[in-house]
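There are two complexes below, and they share chain A, which is joined by chain B in the first and by chain C in the second.
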Partner chain A sequence: MTAVAVPRRARLRALVGIGRMSAQSLITYRFNLLFGIVSALVQIYLLRVVWHSVYHGRSTVNGITLDVQVAYSSLAAVQAWLLSPGLLWDIPQRVRDGTIAMDLLRPVRFLPQAFASQVGGVLAMLPFAVVALPFAVLVGGAVGPASTPAFFGYLLGLVTGFLISAILNLIVSMVSFWTLEIQGMLMIYRIVQQFFSGALVPLWFMPGWLHAIATVLPFQASGYTPLAIYVGRVSGGKAAQLLVEQAAWIVVLWLLLRLIWSRALRRIVVQGG
Partner chain B sequence: MHKRSGDIKDPTPTITSRYSYGMALIRVEDLVKEFRRSERFPGFLGGIRSLFTRQYTVTQAVDGISFEVDQGELVGYLGPNGAGKSTTIKMLTGILVATSGICEVGGITPWRDRERNAKQIGVVFGQRSQLWWDLPLRDSFLLIKRLYDVSDADFRATMKTFTDLLELEEFIDTPVRQLSLGQRMRGDLAAAMLYRPHILYLDEPTIGLDVVAKERIRVFIEELNRAEGTTVILTTHDLDDVERLCRRIMMIDHGKLLWDGDPESLKRRYAPHRELVVRLVDPHEKVAELGLAGVSVGDAAEGATTIAFDPQQVAAADVIAAVLARHRVSDISIVEPELEPIIRQIYADRAVAL
Partner chain C sequence: MRTVRIYRALIGAAMRSELQYRTNLIMQTIGGVAFQGIGFAFIWVVVNRFGAISGWSIGDIAFLYGMRLTAHGLWTVPFSQLVYVEAVIRNAEFDRYLVRPVNPFIQLVCRRVMFQTLGDLAGGVALLGSAATLVNVDWSPLAVCYLVLALAGGALVEVSVNMTVTTLAFRFTRIYALRLLVDDIFNTFGSYPMRILPSAARFGLTFVLPLAFVAYFPASVLLHRTGQLSVPAGLAWCAPVVGIALFVGAYKFWMLQTKHYSSSGH
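What follows is the complex of A and B.
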């Protein structure tokens, strides 16, 4: 038989196709999207009230002005919603109902499929995030980027932050290959991820020991890091260093994901799931 | 097939296909799949104990089966629940890795080269779907076109054929989650064959479908096999599927191949008697013994008498002539044996010496 290996370009087109399908599936649930935006706006407003009360007339706390702090929490909420783990390509569900077998039968490998799906999901949410942004500024607040390099650093940080959170999502959902009781664990993961990403409280307001923990964990990449660059809290060499660290995290986490996937695959194909 | 002599590992004779000549499309030899399940101890403390002890129970889901399938065959793969059918299909498709033995599909060991294998096979599992749940059926087809790199022209031509054959038109723009089971199944079949693979694996494709939907699916499979020479391997519990479609039956139980041959010889082997049902003009009259070898006259029930005869010993025409010579007959008919009771009996016996 003459079965030909899939050429690279065709494979890329296939992955784009999968991403697009995920995007379309996501948009099917319009009300989910709407409620996501509304809850982000509620969070922005509540945090604004809290920070106003915390500052209590002082112009800066810890070197951070109220305006910067409110702008931070507004952007962080939109960002967290955009990159939310709710975007998980539902691996646990696919394992439970056996769709995973169909995924394995595709002419494209599983991990690229799962990853393409995550990229598609975020790209689908992006226009909605852009539309939500003025509202976020309205109920919260905004400051411009600290500088032009800070703005580009922010965008770069967002991309690396997305990659890290996407890989982490996949790693965590792979646990479903070993146990179907994964909901509780996912909940804990979401809370830990949200807190240490700095989505609620920025790392600069965390006590020393907590700050130290948050700094060594990869979660800050999807929340705190890009925003700290945006508002100019870190800049120049320090900002570059953070971005390099993120790149290193991507490599490490990707290797970890591949290791876990190869174990998971072994489990499916040898033990029959 | 070359059977190795003096193989001590497996003293039971393996059945090899009598259909093998030249290069087979699918070649399976001494295929074994063992599952190791870790032992679970009952209760909470037992649960903790299970975490630390490594005790396994080993089950042989597929226990040394061999067969070959040639291009264009339409094979029914039968067996009771848990016999090893799905495990075999999963190895053939590359989802499962075999414990030992040879499995080659189009020259490829499926699980070693999943991506290449994916392009030459279409798979439909009755219980699960490859379609995108939230999107119109059409979108799934377009994705498959991309995934398998189908050219625009081929895609259009195939879609046209399939739309006619499976009557997809009325629901192709409906989201998959809103389709009836029969419609979804037709969608899945079209999806599995869109890139024109040489081989189609069907795992219970008609499960839970009504008569009309079943018929559409059978016509489609028949047509693919006839017009394109698609090789089809079909597992099913619906023996009408088999009677209608398959020219070869493989039967498996406890992981071993029990039978490999055409349906007619299966019937001849396990149901050697044909039946003649006779109605007499006088309902009180009894059919007399005919005095022919291989013929036995049964009791009359509701005015009809069943006469069983062995076609190897006596011709149907002779039996009929003998009856007509003795009685005034109002109706007479020959009943062909059906697969259903035969298979049921084989399952019940479980161990059949061949």
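What follows is the complex of A and C.
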């Protein structure tokens, strides 16, 4: 698409601008942000009550203490909210109303634009997540990271997890090039990804067959992996292996996205505009 | 009689317009079922690992979940448009309702039909049906009768709460946040045995937001678990009556508040 040669620096500046734009539009809908946090807190409270109830005085189940379990679900809820696919770059909307034409006319490739927009969105939400965290701890619970390497492993895993979820979001929103009515599909995607990323129940409590399914899907790499490292469920070589798997997912999904995008480009029909 | 005829005409028109987008409709319905499915999947995984939640087996909880979902479906199918009162007021669409010779409430609920809500109803009935064989209930005609009444009562409790919240829009215009929060609390806590909650939360979800009357109380009655409740068994039995009483109150409140409608002037 981009026949015009644009210097690298200018391209980067353009992408930063796009990211900032998306951050601003997200913050404009303050109410949505706030509701997302309150809803996450309600969820955290329920999970805390459920885990307290089922542990019923037992100190550990499957090697997981109650404190660790409650901390996992509290952190998972905040993290899921932060990386939520509700942040879908509004590709479906832009395809529908034709503004996608403007994106394609820009002298920066489309995928980096869409990606910059996702990064901008998450960076805008990050301060809110930091503010929400103490409330999540209050409503749910918290434990410190299992060790110093676990903490850094967590941060690394969180960043790579975000990349995975961002690429997945883009892949799913590409479907709007084939059909305009994708609200239902986006909803199903959100639900499947929420469940298999371990946002509700960690992989360690899933029965064998479900665990097997979750392991081969990319969703666990975006949510469960960093958390499992944080609480020390996996450490050392095993943790390193999970981080490598995350990187592999990024490569595979990125290639898939490129493939789908090259097809989508041929399908595009701009309405109005 | 005339009202019934008009209702049928209006709802028929709304249905026809909705059926124009079939594929998305089906996907949204599946999405709705998946949304409820994941909630139940979580419970299933937990019970599978821990045996029960507060003494409630998977069959018991499926029964409770099915009751609450069916009640939810029963109110959202005919009354889905209630949640749009805010937009209707802000866009002064309500002006139109007032000049037409039909009850504004009926015009509002016939605004559109959300077929997706049928997914909740179908999912609820399916879950309830399969759970009915798992639970230790003697399905005498009386028990079946109570179940039907309880489902209707549960739907009425939910619709009353939602009506009351949305009716506030006539006074405070912006009630979106409150509505979402109430909906969220209902969806989050509605399908769990409330025993797991601390007493203050239980009290709140019984007497402030009457969620316990939707499914938890009548399910406890049918499952012979009223002994575990922190309220007298008689009150739990009365859940269907509570639904009717709340609905009458909520409708009166609606009628009272519509008088405060001032057009936003478009």
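Keep this in mind: the second predicted complex is superposed on the first by the 264 of 273 C-alpha atoms of A that agree within 3 Å, B and C clash if a C-alpha of one lies under 4 Å from a C-alpha of the other, contacts with A are read in each partner's own complex, and residues count from 1 in each chain.
Assume contacts are C-beta pairs under 8 Å (C-beta built on N, C-alpha and C of every residue); 3 or more make two chains touch, one makes a residue touch a chain.
What you are looking at is a predicted structure, and each value in this text was computed from that prediction instead of being measured.
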item: Partner chain(s) touched by A:28 [first = chain B, second = chain C, both, neither]; value: first
item: First, second, both or neither for A:139, with chain B first and chain C second; value: neither
item: Partner chain in contact with A:192 - chain B first, chain C second, else both or neither; value: second
item: Touched partner set for A:171, first chain B, second chain C, both or neither; value: neither
item: Contacts of A:184 with chain B and chain C, given as first, second, both or neither; value: second
item: First (chain B), second (chain C), both or neither touched by A:201; value: second
item: Residues on chain A engaged by chain B in the complex (per definition of touch); value: 1, 3-7, 10, 13-14, 16-18, 20-21, 24-25, 28-29, 97-99, 101-102, 104-109, 268-272
item: Residues of chain B touching chain A in the complex; value: 25, 35-36, 61, 87, 90, 93-97, 106-108, 111, 114-121, 123, 125, 127-130, 132-135, 139-140, 142-143, 146-149, 175, 198
item: List of chain A residues in touch with chain C within their complex; value: 31, 34-35, 38-39, 42-43, 46, 49-50, 52-55, 61-62, 179, 181-185, 187-188, 191-192, 194-195, 200-201, 205-207, 210
item: Partner chain A, residues of chain C touching it in the complex; value: 21, 23-32, 34-35, 37-38, 41-42, 45-46, 48-50, 52-54, 116, 176-177, 180-181, 184-185, 188-189, 192, 195-198, 201
